[in-house]
Every structure is written in structure tokens, then in C-alpha cells.
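Each of the two complexes below includes chain A, the first together with chain B, the second together with chain C.
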Partner chain A sequence: MSALLQYAVQGLAAGSFYALAALGLAVIFGVLGVVNFAHGAFYMLGAVATAVLLDTLDLTLWWSLLVVPVLMFLFGVVVERLLVQWLLRLDPLYNLLLTFGLTLVLVELVKQQYGVSGLPYRLPSGLQGRIDLAGVVLPRYQLFVLFFSIALCVLVWLMMTRTRIGMIVRAATEKPELARALGINVGRWVTPVFGFGVALAGLAGVLAAPFRAITADMGNNFAIILFAVVVIGGLGSIVGAVVAGFLVGLVEAFGQAYAPTFAQILIFVLMALVILIRPAGLFGRQEATT
Partner chain B sequence: MESTRKWAGASALTVTLLLSACGGGGPGSSGGDFTGDKLVLAVLNDQSGIYKDASGPNSVKAVKMAVADFRAKYGDKAVVQEIEVTSTDHQNKPDIANTKASELYERGGADVILDVPTSSAALAVANQAKNHKKLFLDVSAATTALTGAQCNKYTFQWAYNTYLLANGTGTTVTRDGGKKWTILFPDYEFGQNMTKSFTDAVTKAGGTVQETIPTPFPNENFATFLTKAGSSNPDVIGTMHAGGDLINLVKQFNESGLKDKGVELAVGLMLINDIHSLGVEQFAGTLFTDPWYWNMDAEARAWADRFLAETGARPSFEHAGNYSAALQYLEAVQAVGTDDADAVVANLEGKKVNDVFLRNGEIRAKDHSVVHDANLARVKKPADVKEAWDYEEIVTKIPAAEGFPPAEASGCSMKP
Partner chain C sequence: MTHSVIREAPPAGADAPVTASNPRLRWILLAVGLVAALALPWFIYPPVAMDIVALALFAIALDILLGFTGLLSFGHAAFWGSSAYVTGLIATHYGVPFPVAVIGGAVFAMILALPIGYVSVRRSGIYFAMVTLAFAQMVYFIGYQWSDLTGGENGLQGVPRSFFGIELVETESFYFYYAALPILLFGMWAAWRIVHSPFGRVLVSIRDNTPRARALGYDADKYKAVAFVLSAGLTGLAGGVFAINHGFVALTELHWTTSGDVVLMTVLGGIGTLWGGIVGAFLTVTLADYLASSGFHGIDLITGSVFVLVVLLFRRGIWGTVRHRWNIRRLRRASARAGQGYSSPDGNSRHTTSGEGTGR
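Let's turn to the complex of A and B:
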């Protein structure tokens, strides 16, 4: 029993990365219609920035949690203004290719600058150690990641449902024509939303820095799983991205425990099943496919 | 010079043909003992991926250092004056390694291919070496198949193999009380080969391997794999991962609390660059086999100082291995006066060698395994680190005869 609980918490902790990053991916897809292939690279940049800030300015994780998302937001704004916006009117395939190319460039630049073996990072002492909850031993940091990302997801959800900006973004996501017809300037929100999505990927990277290898390639495999998450959750669905993120984390953890060889394949089996049964994803709008 | 003249005489026709083809040839050119009048050392390795720091561009520099040393030693007396070092990226992919090796031998004029990390890629290159009857001195790939089932006359394994890693780390840790093992391994050629070697070594030393758990490659999240590995209460968790996967696993092992429960982590293959990138505190106390360490003695250190000046980093054992392979190849060429592969192989076979990298080294004729003394090392505690890259403490020397499998057991038969 305690083993099951342990696997579940580990799965949810791993899932929080997917949830946070997929949330950013979903928002960007929703508002811009851009399948952002560079999301894995933005996640990697978040982690690399965290390590570099600690090394050069001695900024601890707490500061990085604040500073890095802001930097990544600005970086996202630059990328959107400089590159993405010019292709928005064209077939979505163009931006997919653009962001894919951007990934290759960013990964190679980081390799040039910091090598391939990765960068060191140390956990702040307050988050080291473990907590024993009735026989279930959990690293403090894993719990922190879990609660932090749940809180953040709830915050984003509140923002989306309770604030004017959120409602506009949702309207723009779900019915862009109708939103325009009602006099909402959808275009105004495109740049900040892209920046916001990039910031979320960067934030996932910050959280990953203490217990993942910080290398130029760290986003590659992550991005692949991320797309499975978004497909499972339903393209453009914000709730779907979060739920699917945690779900995929759980599938991965139980896969590792009971069928190690298939741990990663199981995620894609789940994706295939979802596509077969609900082509628009668990929380996607079914009419989108018809 | 006597032998040079003999060779030249024996291949007079070739000389004439070559000279006319080359438009006459320069004055004093020693000519046809060397295809294309020059010697080409081709380094084929990972120039951009996960093994870039461990070998990569700095292995090319190490080979160039060997060429410079060779020139300095022989000067005008060198049997060949023009020596070229080339570098090719195989991206750790066997298919690319295969094509590139064939190109290098056929069109690149390569007399020898060096380095080649990634076992599957190295096996492909070994096959090309055999087909083209040209030399392949492997440094960075670890599979025992290179000097076992898939050995051939033109392939040598210069630095290490999975047997050495397993025998060094597996045997010593088991003898020191780590009897119950659980092994985590990446599910591909190297990981499987390592797991087999470790299981044999642990069992022979009186321990048991309770469980072997395959993991996907590459993989970031090892949390549950580790919990599962720890659930059978092993004394030791052995990891056969390399590069980024190894760093992921070590970070998450430190997080997991298994250390507090008295579970030791033994690492199958670790390079000094891994410690450098992750920081000593994460690895402190970890035992592993290092075929060569830059600060293990004065001779190694002197060479490492030159390497540092050249590259800005301390050398890994793979860098030193490439230097040694290139240097011994050049010495063999000097001795036989030609780049003819069969003559060079005949010179290398059975030779006893000592250089910066090889201690009590022997280039075994039977299986072309280059055996030498290696080290069992322990990662220092942060407080004990005295200078940059000072990460290892040598626990014990592993004599060549113990570290490497006996030639008879290699399963190698060299058919011409």
C-alpha cells in the first residue's frame, strides 16, 4: 500500500512538470493557433538560466522562481514579435517548422556556450531531506514541486475564469471569430499570451534544475512527451493539459514500477487509445473534428 | 634508412606510378611506402552529442599532440613527414559511423581510424576496417564484442571494456561487503553488455544480483525506478547509465533517501567530465573504475598540464587513450617504414608498451585487447578537493591481469 502511494506521489510530481509546460503549450495553441515545437527548448533554457544565475549572480532557487519566468516572458515576447507573428496568417505548418528550427538553433547555441555534459546545480538546504508520512518517504523537494505546480495551475485557472483578461483569452481561444465580432481586440493579446506560455515552460525548467540533468538536450525527450500530453488532454484545452499532464506522470510512474521496459511506451499507447476513442482528446471540443 | 630503402626497392613500380600521378613529387620525398605520400589519422567520434565533452574535439587535439611529439622526437628521421589529422562526427549513430568509416578509408585516405565511442557504432567501424584491411584503434567504445565474437585483425581496443569496469567496480564493492545488488541499466547494447559483465563479476565475488531493471533511453525521470530498485533492500544499486541519464539518476538517487538507508550507489561507467558537470558533492563517495586519471602520478600530470594549456580542461581517460593510440601507431609506422596495415599490425601485436596512458601495457596478439593497469577510484568529498578537476582519490590499482579477461576466454578468432 505504502509503495502504491509512493509511486502515486512520484508520478504526480513528475506530472507537475508536464502539466505546467503543457499548460503553456495549450494557451499558445489556443490563442495563436501555433503548435509551438520550441517548448522543450524553452523548458531547457529555463533550467540553464537557473544554473547560470546561481553560478554567476549567486541567485538561489527562490529568486530563480521569480526572475527566470520574467526573463522567459520577455524572451517569448521577442520571439513572437521577431519571428512568430509574421507567419500567423499562413498555414500553421509554417510556424511549426519555424519553432522546430528555433529549437535546433537554441539547443546548438547552448551546446556551444556551455558544452554537452551539463551544468551543476545544488538544491537550497531548506528543500533537502525527506518527509516520512506514515511509512511513505518523500523527498521534500518533490512535494514542493507538486504543491507549487498545483497552486500555480489553480492560479492560472482562476485567472482564466475570474478575470477579464482570462475571459478574453478564453473567448479568443475557443471562438476567435465570435470574440472579434463582439469587438474584442484578439490581436492585442497574442504577444503577451505567447510570452506567458514561454514563461510557464521556463518555470517548469526552473523546477527541474535541482533534480534533472541540466543539458542542452534535456528538452528534446521532454517535448515529445509534452505533445503526447497535449494530444491526450485535447489540443488547446487548458484543463485538459493539466489533467493529462498529471495523468501521464502517473502512467510513467506505475509503468516504471510494474513494466519498466514499457514505461515510456505506455504513454504513447495511452495517446493512441485516446485518439481512437476521443479524437479531440479527453477535454477537447468534439466539434473541432467534425 | 636501410629498411626504408628496402621497402622502396620492393615497391619501385608503385613509386613510379605514384610519382607520375602526383606530378613528380617533392625533392627528398620518401614516396611510395605511404599511400598518397602522407599518413592520415582520422578521428571519428561524437563532435556534438552527449559524448562530446568526454572525447569529442579534445580527442582530436590529443591526437594532434601525439603527432607533434612524434615530429619532435624523430624530426628529419621520421619515415613520413606529412601527417594529417582529420575529424569526423558520427553522432553516435551506427549507420552514420558505418558510412563515414567507409568514406574515410576509401576517399579520405585514412590509414587509421581512432576513438569511436558508442559500442554499436564501433562495431560497425570494426567491420569496415576488416573489409578495407585498414587499421581501427578503438578508444572510447566499451563492448567486449570488439575483442571477442566480432574481433578482427585490423581492430584494436585501446583503453577499456565492460569487463574491466565490471571487474574493477563490481568485484571490489562486492568483496567490501556489498553482497546484494540491484542493477539499473539503459536498454541498449552498452547497457545490456555492462549488466552481463557486472552480474558475472558480482556473482564470482560471492554476491548476488537480485534484480536487473531496464530503463528507456534517454530518460529523465528515474524516481520510481529507484524506489522499485530500493524496495528489495539491496546493499548496492548499480547504474549502467552514461551521460545525461547518469546525471539524472544520481541527482534523483541523492533525493530518494536510499543513501540514508545504507544503500550504496556504484556507477558502471563514469568520466571525469560527468563529475565536473554535476559537481563533486552529488557524487561524493561513489566508487567507480577509471582506466586512467590525470593526477594519478607525475607523468600523467605533466601530460595533463600540457593538455590543459591546449584545451582549457583536464583530460578524461579517453583523451589520454587517444593520445596513446595515435603515438603508438606512429611509433609502429616509424619502425616498419610504411603505412601498410598488415606490417603495422604485425609490429603492434604482442608489443609491451609504457606511455603516458598505458602502464604495464601489452597489445595482446590473441584478441587485440590492449591491457594495462587501471584504477579503482572514489569521488572526493568537496572539502578534500584542492584544485580544479581534483575529483578522484585512487583507492587501489587494478593490475592488467586482473582487470582484463584472459585472452583465451575472449572468444576471439582472427580469420584473415
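Let's turn to the complex of A and C:
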């Protein structure tokens, strides 16, 4: 029982990286219609930035959680203005290819700058160690990651459903023509939304920094699993992205515990099953199938 | 709504094959291509020349899906790599002539493509790309984990090159080139034949307007799945020859970057052109070879930048641009002869024709 709970927390903590990043991917796809291949690279940049900030400016994780998303937001704005915006009117596959190329460049640049071996990272003392919860010993940091990302997801959800900005973004996601007809300048939101999505990927990277080996390649497989996550959740769906993110984290953790050889493969089997049974994804609308 | 993927609406006739207007030109092009293929190992280090032709077939096989069915597969490394492994294993364990091993690899790639294609064609467009990528990653992990068979990260080493009793060893890669060339040329001919068959016409109709093709009674998913399997088979031929050529199969052949590289070759050469795959493969391989020999590390920096630039500025690709120019000039000349000015070949006329094509 105790082991089960440990795996569950571990899986949910890993799942929160997927959930946060997939949330960013879903919002970008919703408003821009772009599948951002570079999302894994942005996640990697978030983690690398966290390690570099600690190394050079001695900024601890607490500061990184604040600073890195802002930096990534600005970076996302630059990428959107410089590259992505020119292809928005064309088939979305062009932007997939563009961001694929961008991924290769970003990963290679980080490799040239920081080498292929991992960057070191140490946690602030408040988050080290384990805590004992009624007989179940859990790493403090995993619990922190879990609660932090759930709080963040709830916050984003509240923003999406309760604020004017959120309503505009949702309207622009679901019925862009109608939103325009009602006098909403959808185009104005494109750049900030892209930046916001990139910031979420970066934030997932910050949280992953103490948890994973920080290398230039850390985002590659992450990006592909993210694709599986959004296919499982339903690409247009924000709730779907979050739920599927945690679900995939759980599958991965339990897979690693009980069938380590098949842990990675299980995720893709899950994806195949979802496509066969519910092609639009668990939370996707059926009209989004083609 | 049009369902055509990754293809800008062309002015009528401007993106037709250059040979459409001039059948003699086809024979000239084919003769030039054949001479070039035969002469290649005299000018380029033979193993590199072999890589060029193998990757050209890989790009052409991808183009059957991307250019003629409207499906971007981001997971073709699964077929390329698995055929390379199976070819290598057959050649190593059974000592059969290498063409037999290559055919074995291609058959395996087609068998693998059946379930992947069956599931993937249920989604199209951007989803198809993501799903194929995810499945390819699954195959990659299987190759990685099953190290007893594949050698895992060390790769599969010491693949022999036996050719009906003759051992074509390292020094004889020049002869190996000519021994393997017919397989690859056959693959290219098969691709051309598929695209220009009635089956190929149905694929194009599915690409241009899936609901209409369905309404005409064509089972679109079935056609797409068959195209997927055929493309995987040709990819398998290329991957098998590649494995024999190197005498070694690396895990990289299954990696997603391999899928990306071949997409780049196809897009660089020109989507929906077949010939473009050859141009793209030639440029990519010679560039990579040049950079490697000049001691430059970080080929991905160049690859990635080329990707970004091609997609931003040069979406027709090289062969596509040549073809476009050629046809525009031909159309202009034809209309001048008919005594009426041809409307400008730039954006304006393109938009009107595209509206016509999709709105009906």
C-alpha cells in the first residue's frame, strides 16, 4: 500500500510536468492552430536556464520559478513575431516543420554551449529530504511539485473561465470567426498566448530541473510524449491536456515500477487504444477528428 | 474546406509534372537521371554515393504519402530503421545474398506498417504527423530495449555483404554500388508507377477533397492505409540497402531525427514531385559529408536552419520551383500564341484559381 502511494505520488509529480507543458501546447494550438514541436526544447531551455541562474547569479529555485517563466514568455514572443506568425495563414503542418527545425537549432546550440553531460542542480534546503505521512515516506520535493502544479492548473482554469481575457481566449479557440464578428481582436491575443504557452513549458522545465538530468537532449523524448498526451486528452481540450498529462505520468511511474522494459512503450499503447476507441481523444470534441 | 495538406493551391497547370506537356522530355530526364546514377560513384566516394541513392528512394517513398496522399508521416524512421535491422539480421544469420535480405527487411517494414497505418490513418493532418511520430518512438524504444537482438546502443555490427557467392568487402564498395543500384531504381520505378496508376489518382483525389472521394464510394481510410504500407515497403528497400552498405546498423536509424531528416529532404527537393526527393537527398548527404570532413560538429544547426528557411521562404522546394517556372513560361507562351495575355503568374492568379478549386 505504501509502495503504491509512493509510485502514485511519483507518477503524479512526473505527470505535472506533462500536464503543465501540455496545457501550454493546448492553449497555443487552440488560439494559433499551431502544434509546437519546439515545446520540448522550451522545456529544456527552462531547465537549463534554472541551472545556469543558480550557477552564475546564485538564484535559488524560488527565484527561478518567477524569473524563468518571464524570460521564456519573452523568448516565446520573439519566436512568434520572428518566425511563427508568417505561417499562421498556411497549413498547420508548415509550422510543425518550422518548429521542428527550431528544435534542432536550439538543442544543438545548448549542446555547443554546455556540452552533452548534465548540468548539476541542488535544491533549496527547504525542499530537500522526505516527510513521513502516516507511515508513508514521500520525497518533499515531489509533493511540492504536485501541489504547485495543481494550484497552477486551477489558477489557469479560473483565469480561463472567470476572467474576460480567459473568455476571449476560449472564444478565439473555439469559434475564431464568431469571436471576430463580435468585435474581438483575435489577432491581438496571438502573440501573448504563444508566449504564455512557452512560459508554461519553461515552468515545467524549472520544476523538472532538480528532478531530471539537465541536458540538451532532455526535451526530445519529452516532446514526443507530450504529443501522445495531447492526442490522448484531445488536442483542442485544455482540461484534457491536464488530465491526460497526469494520467501519462501515472502510467509511466507504475510501468517503471512493475514492467521497466515496457514503461515507455505503454504510453504509446495507451495512445493507440484511445485513437481506436475515441479518435477525438478523451476530452476532445468529435468534430475535431479530421 | 479543402483537405489538401501542406500544398499551396497552384495556378491551373503550373504545378503539373514538367513532362505533362512534353512526353519526350520525360525520356530525356530519365536518360539524364540514369546516366547520373551510373556515373555517381566515379565522382563521389562510392559508399556516400550509395547513401545518396538510398536516401533518395527514402524521400521518394515519403513523397508518395506527403505529396500524393496529403499525409505527413513523421515516423518513417520506424520502417527505415526496422528494415535496416531485419536486413542486417538476415544477412548475418543466414548468409543469404544481400538482395534477399533487403527484400526480407522491406517485407518486415510492410508488416510493421499494417497496424501502425491502420491506427494512424484514422487521424489526418497535424494529428497524423503526431501519431506516426509517437509510434515511431515506440519502435525506437523496442529497438533500444531488445538489445539481445539489436545490440541496443552499440548497434548491429558486422553485417556481411554477400552477393551470390561473392563477398563484396569494404574495398569493393564501388562494385557493391552497382550491385545494389537496381534494387533502388526498381523502388523508384515502383513509386512512379504507384503515383501514376488509377490507384494513385484516387490518392490524389483523397488528398484534394476527402469527403468528395468518400462520396464517390472510395474507402478513403483503406486507400490511405494501402498507400502507407506501400510507402513503408519502399522505405524498407532503401533502409535495407543502407544497412548492407554500411555493414552496420545504428540505433539512430530508428530515431525521430531520421524521420525529420527525410522530411527535410522531401520538402527541400519539392513536395509532390518525386524527382525532388533525389535532389533533396543529394544536397543533404553531400552537405553532411562535406561538413563532417571539414571537422564541423553540429550538423543539426545547419539542418535546423535550412528547415526553417525552406519552410519560411521556399515552400515549393527546388524541383517544385523549377517545375513552376517552367510551366508558367510554357503557359505564357501558349497563351501568347493564342493571342491573349496570360494573367500574371504571381499571387493574384493563384488565389483566384485556388478559390475555384476549393469552392465548388
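In this section, the second predicted complex is superposed on the first by the 289 of 290 C-alpha atoms of A that agree within 3 Å, B and C clash if a C-alpha of one lies under 4 Å from a C-alpha of the other, contacts with A are read in each partner's own complex, and residues count from 1 in each chain.
Operating definition for what follows: contacts are C-beta pairs under 8 Å (C-beta built on N, C-alpha and C of every residue); 3 or more make two chains touch, one makes a residue touch a chain.
A quick note: this is a predicted structure, and the numbers were derived from the prediction, not measured.
With both structures placed on the common chain, the touch criterion links A:Thr261 to chain B and to chain C.
When both complexes are overlaid on chain A, the residue A:Val231 reaches chain C alone and has no touch with chain B. In the superposed model, A:Pro210 makes contact with chain B only, not with chain C.
In the superposed pair of complexes, A:Leu276 makes contact with chain C only, with no contact to chain B. Once chain A of one complex is fitted onto chain A of the other, the partner contacts of A:Thr103 are limited to chain C, with no touch recorded for chain B. When the two structures are aligned on the shared chain, A:Leu93 is found in touch with chain C, with no touch to chain B.
By the touch criterion defined above, A:Leu83 reaches chain C but does not reach chain B. Touch criterion met: A:Gly115 reaches chain B, while chain C stays clear of it.
In the superposition on chain A, A:Gly245 contacts neither chain B nor chain C. Note: residues 108, 111, 220-221, 261, 264-265 of chain A belong to the chain B contact set and to the chain C contact set alike, using the contact criterion stated above. Across the interface of their complex, chain B is touched by residues 3, 6-7, 10-11, 13-14, 108, 111, 115-123, 130, 137, 139, 141-142, 208, 210-213, 215, 217-218, 220-222, 252-254, 256-257, 260-261, 263-265 of chain A.
Residue ranges of chain C in contact with chain A, taken from their complex: 3, 5-8, 72, 74, 119-120, 122-127, 129-131, 133-135, 137-138, 141-142, 145, 210, 256-257, 260, 263-264, 267, 297-298, 300-301, 303-308, 311-312, 315. The touching residues of chain B, when paired with chain A in their complex, are 48-54, 56, 187, 213-216, 218-225, 227-228, 231, 243-248, 251-252, 255-257, 260, 273-274, 276-279, 281-282. The part of chain A that touches chain C in the complex is made up of residues 35, 83, 86-87, 90-94, 96-98, 100-109, 111-112, 220-221, 224, 227-228, 230-231, 235, 261, 264-265, 268-269, 271-272, 275-276, 279, 289-290.
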